[in-house]
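First chain written, first letter: the chains are A, B, C and D, and each begins at residue 1.
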Amino acid sequence: MTSVLESLNQGLHAAFAQDARVYLIGEDLLDPYGGAFKVSRNLSTQYPDRVWTSPVSEAAIAGVGAGMALRGLRPVVELMFGDFSTLVADQLINSITKFPAMYNGAAQVPVVIRTPMGGRRGYGPTHSQTLEKLYLGVPGLRVLAPNTLSDPGDLLRRAILEQNDPVLFVENKVLYPKQVLDNAALADFEIQASTQDFAPTHTLRLKGAPRPALTLTAYGYMAELAREALTRLAFEHEIFCELVVPTQLAPLPAGGGLQPALQASLQHSGRLLTIEEGTYSLGWGAEQLARAAQHFGGRLQAARRVAAAEAPIPAARNLEDAALPTLEDIISAAREMV
Amino acid sequence: MTSVLESLNQGLHAAFAQDARVYLIGEDLLDPYGGAFKVSRNLSTQYPDRVWTSPVSEAAIAGVGAGMALRGLRPVVELMFGDFSTLVADQLINSITKFPAMYNGAAQVPVVIRTPMGGRRGYGPTHSQTLEKLYLGVPGLRVLAPNTLSDPGDLLRRAILEQNDPVLFVENKVLYPKQVLDNAALADFEIQASTQDFAPTHTLRLKGAPRPALTLTAYGYMAELAREALTRLAFEHEIFCELVVPTQLAPLPAGGGLQPALQASLQHSGRLLTIEEGTYSLGWGAEQLARAAQHFGGRLQAARRVAAAEAPIPAARNLEDAALPTLEDIISAAREMV
Amino acid sequence: MSDDAALYTQLATIRRFEETVLDAFPKGAFYGTTHTYIGQEANAAGVLAHLHDGDLVFSNHRCHGHFLAYGGDARALFAELMGKATGVCGGIGGSQHLHWKNFYSNGVLGSTAPIAVGAALAEKRKGSQAVTVLFLGDGAMGEGVVYESLNIASLWGAPVLFVVENNHIAQTTPTELAMAGSLAGRFAAFNIPAVELDSSDAREIYAAAGQEFAQLRSTPGPRALILHTARFGPHSKGDDTRDPAFIEELRATRDPLTIHGARLEESERTAIEAEVDSAIAAAYAQAEADPLPEHAAYVKAGY
Amino acid sequence: MSDDAALYTQLATIRRFEETVLDAFPKGAFYGTTHTYIGQEANAAGVLAHLHDGDLVFSNHRCHGHFLAYGGDARALFAELMGKATGVCGGIGGSQHLHWKNFYSNGVLGSTAPIAVGAALAEKRKGSQAVTVLFLGDGAMGEGVVYESLNIASLWGAPVLFVVENNHIAQTTPTELAMAGSLAGRFAAFNIPAVELDSSDAREIYAAAGQEFAQLRSTPGPRALILHTARFGPHSKGDDTRDPAFIEELRATRDPLTIHGARLEESERTAIEAEVDSAIAAAYAQAEADPLPEHAAYVKAGY
């Protein structure tokens, strides 16, 4: 089996092997360290002239990546912690994602900005956040988040090589050591896969379960908890759910529509629970609920979100546990909905 | 009558007069210029040692303001264009709003960051955005947006003097020359006012109109268009609406509830149309719809948003008009909802 | 055409273009904002005359002069300012946001610095021999990302020429209120060789820039050219807070057209001017007649 | 206690505290991350010995030494690292995010620079006479906001002492790979006087810092003290990629405790060490016994 970390590392290696235009820029990338979370391991050894370890200058490395992309290369920028994406907000919002449209289609900026997000490691308020919600509504940006249901490395490789949008690639830290699941590990589930461009969405339900009363949707690491919740809700509470797990968080369908898999699931459940690790307001879940309400109107019988507390993420373990959404939170929210 | 611009300027003057701890930091503040949009006019003349014109260093002036606030002063930071708020994202998200909670309540950062937002002036993609949606979900931040229904300057003055949260104060550029409305100007409307802390929310309906079939909600300049839409919908289409206009955009009620005025309106209309100038996804409207769906479930019969196109705001007038929400957009969305 | 005549043509073209903009703006011909280059023409003309095919230019809000000296089309630039379909960016970008061939500008001060460095590094990696010019104002030197970029350019040997146009003012703020230390010191801090010149003479600037380009093409690594210059006009339109007498003095002593024009025969100079006048007038008229852009792509997303 | 003894007590306290942290971490006593100050003790001890009541300190991720030298309580710091209610910030901040009295730290490199400048300006305006010390690592000098802050500090005369601790490495990146030019040049560029010292001798650092503080208190405006130093331990925990022989050499030649300890009588030194050992052990034991924080305030917002 392969861990998410290994898969991502393999995806980077594959991209480097496949295309000489691929570069990697970031802090502390050189072997033997290979980046703070080791996703970039062995790249500097194998491709010493295409891996550039940088000063601690997040805005500039994002901009350097943008300039390289503008001129035909395929750079990947690693931000050591997603918390520091705030430092690249201007580059991302006012340059990187603006250029293609603002220059009337005459420029492309295929840079991939990769970064770990998320808590549960006790790193405290400035190293534990799930900030991608800030960027999900930025026009022109593709936001991808891998999970264990399909190949994270392949998603990364294709994001680097097969398309021309700027990409924010969000890796939940807790996901790194998790195994990418094979058929055996998912034997209990009936799974439907669809794709948006090249990004897969998976819809899971327990084999042989009755028609779902509730749709859960989650991405990244929260999809792990949601899957567990789905099982426990079925066996312990006889609440049967369907779980929709997208890897493409943005853009969503133009015109305010739901992602097709989510729409299909809601069509029969009529109830939506969104599950995310980011803080509650103006998050990913809000957009899903809004679209569900728009599409289904009065046929959306129940809507709810599980998210992080609207506060900094504390360092103390018991406080951090209280601040971040847990399995129990999902289960109790779901129970109140049906 | 007083324009929004004059009112804001008076609010600043009042704050300076009332409290010697008030300072103003920003670019090009000195008279006779008095700031790019003139909101700061005459302050540098009257308070030369409390108005500091700065280098073009948005991140640093936000941080300097934060440091001053941390040490007991009441600084106001003017960002020349809200588009450049991206440059202060890190200061705002990882320092200014974090300190109070991260330092366990032992620190306060009562800095007010004021900035003009919005398009319709042909300034092009980097000088026309409505970016406050990026910050509405940042824990610990109060976001205020004045309108013509109540005193913008007073809202600003109270934000500076009467509370201890960091504040993002968002001024739509097109609002500046508009008159603050008096009773005569609003004679057609039945108006209910409520407050959240010190920030007013207004609920408007046409006098003598039947029970509203639809709730509109909007803030800032979009509340102007929404009010006009409300009148036209009544007279031209016999669609009777209620319009809810908050000045406090964040925080919203803890626990996922709706602002009371909005909840009250939806209670009888069961239909919600949100109207905002920011781009569509993950915006202010999404959060309102999500909360409405949560609260009302199947009783929310229709939900919809009017927002800007998911693209950079073009400079060309006809393109800009096409990208930004118009009166006609509101009317046609409303007509499709009832 | 002699080099001097060619240089004068550039200066006159920029001047005439910008005068036309300032004249026509109040008449409603344009929409939005603009920042004219009047007084600084010698910088763009002198520096960009050294460009080779394939070289890159990154510019800022005050980009018309850079664009025209790069070889950009006056009609397309007028059209862009008018929001026409034939504009440089089809009317989407407007005055501050231009891209044509290897020319790029953006309106967020300093934000272009790392992008220019990245682009320069890309060209170097691709082996294209192209060098990159980045124009910055004195005001833009307030932005932190510029220093991050100087550091990286120096560390990684990016073939960039940083051209600082110090017109001693940023919008309304005199440089002394916004800049501690010195411009030269800012480059020295990052081990970037910098040459400084206080001149409005296009030939002098051309010569100094020539040396910089020669170095840049022969030895790797960034360089800086600090040009002390004079802005004659308002920051944008009608927003000049400086003493009119001071501006008169600038115009009298530092006009690039007067200074360089003196090198030409009267007859040659007036012939160039007449040609430029009619070319700019024609460009303006064409742009005025050009169609508006289609806005299908900009439909609202609210459904 | 003599000045030398007091200084040695500081050094030993920080050393013992940090050794305890590194020892106990693998045993699960702490949660999260940490950055220890071993090898750099003389900086905090030598600089902060000059603080007056009311002076401010802004620190970074490697803040334990600064905090203890500021006068912070070892038990409260252990408790903070353990996530206990009695921690400096009640367990919310953790290792990198401390605030007590006029001491503030944050984990985002460079982000404290403008805040320190603003705080210093506030004190100046309030007439408090307080000065502000800002600790930055060599790595943090990569951040643009630092340069914006140097410029503003210089322009507006903020009474800040910028203390750069150059331990020649940032996480795993040697300074040469991350810094073009020189540290001194970075301050000179903004007209900020800078003094440089390559020493692990607390007395030398104390003396140099003393001069800086004296200047800072008598003349307005920022100053810089660049301290070349040595990090003995890992960046965080077990992540040192340097050659162990090199670290051995650092420990042999640059240990602040050895260098300064030599000035004390053997008996006095060992007495201090014994006292420090037991104080730190007691602090640790107390912290261990302390209660967890209440988490009522951190309930989920999802309803």
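Criterion: a contact is a pair of C-beta atoms (placed from the backbone, for glycine too) under 8 Å apart; a residue touches a chain by one contact, two chains touch by 3 or more.
For clarity, every value in this text was computed on a predicted model and none was experimentally measured.
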Intersection of the contact lists for chain B and chain D: A, C
Intercentroid distance (Cα basis), chain D paired with chain C, Å: 45
Centroid distance [mean C-alpha coordinates] between chain D and chain A, Å: 36
Centre-of-Cα separation between chain C and chain A, whole angstrom: 41
Where chain B touches two or more other chains, by residue: 54-55, 57, 59-60, 83-84, 87, 90, 94, 98, 101-102, 124-126, 254, 256, 279-281, 294, 304-305, 309-312
Per-residue overlap in chain C, given as positions that touch at least 2 other chains: 90, 92-93, 97, 106, 108, 142-145, 148, 151, 155, 177-179, 301-303
Overall pattern in which the protein chains touch one another (line/ring/star/complete/other): complete
Chain A-facing residues of chain C, complex: 56, 89-90, 92-93, 97, 99-100, 104, 106, 108, 111-123, 125-126, 144-145, 148-149, 151-152, 155-156, 301-303
Residues of chain B that touch chain A when the two form their complex: 83-84, 86-87, 89-90, 92-94, 98, 101-102, 124-126, 131, 133-134, 136-140, 250-252, 254, 256, 278-287, 289-290, 292-294, 297-305, 309-312
Chain D-facing residues of chain A, complex: 27-28, 30, 32-33, 36, 53-60, 83-84, 87, 121-127, 279-281, 304-312, 314-319, 321-323, 325, 329, 333
Complex interface listing, chain D residues touching chain C: 142-148, 150-151, 154-155, 177-182, 185-186, 188-192
Chain C-touching residues of chain A, taken from the complex the two chains share: 23, 52, 54-55, 57, 59-73, 75, 90-91, 94-95, 98-99, 101-104, 106-107, 254-257, 294
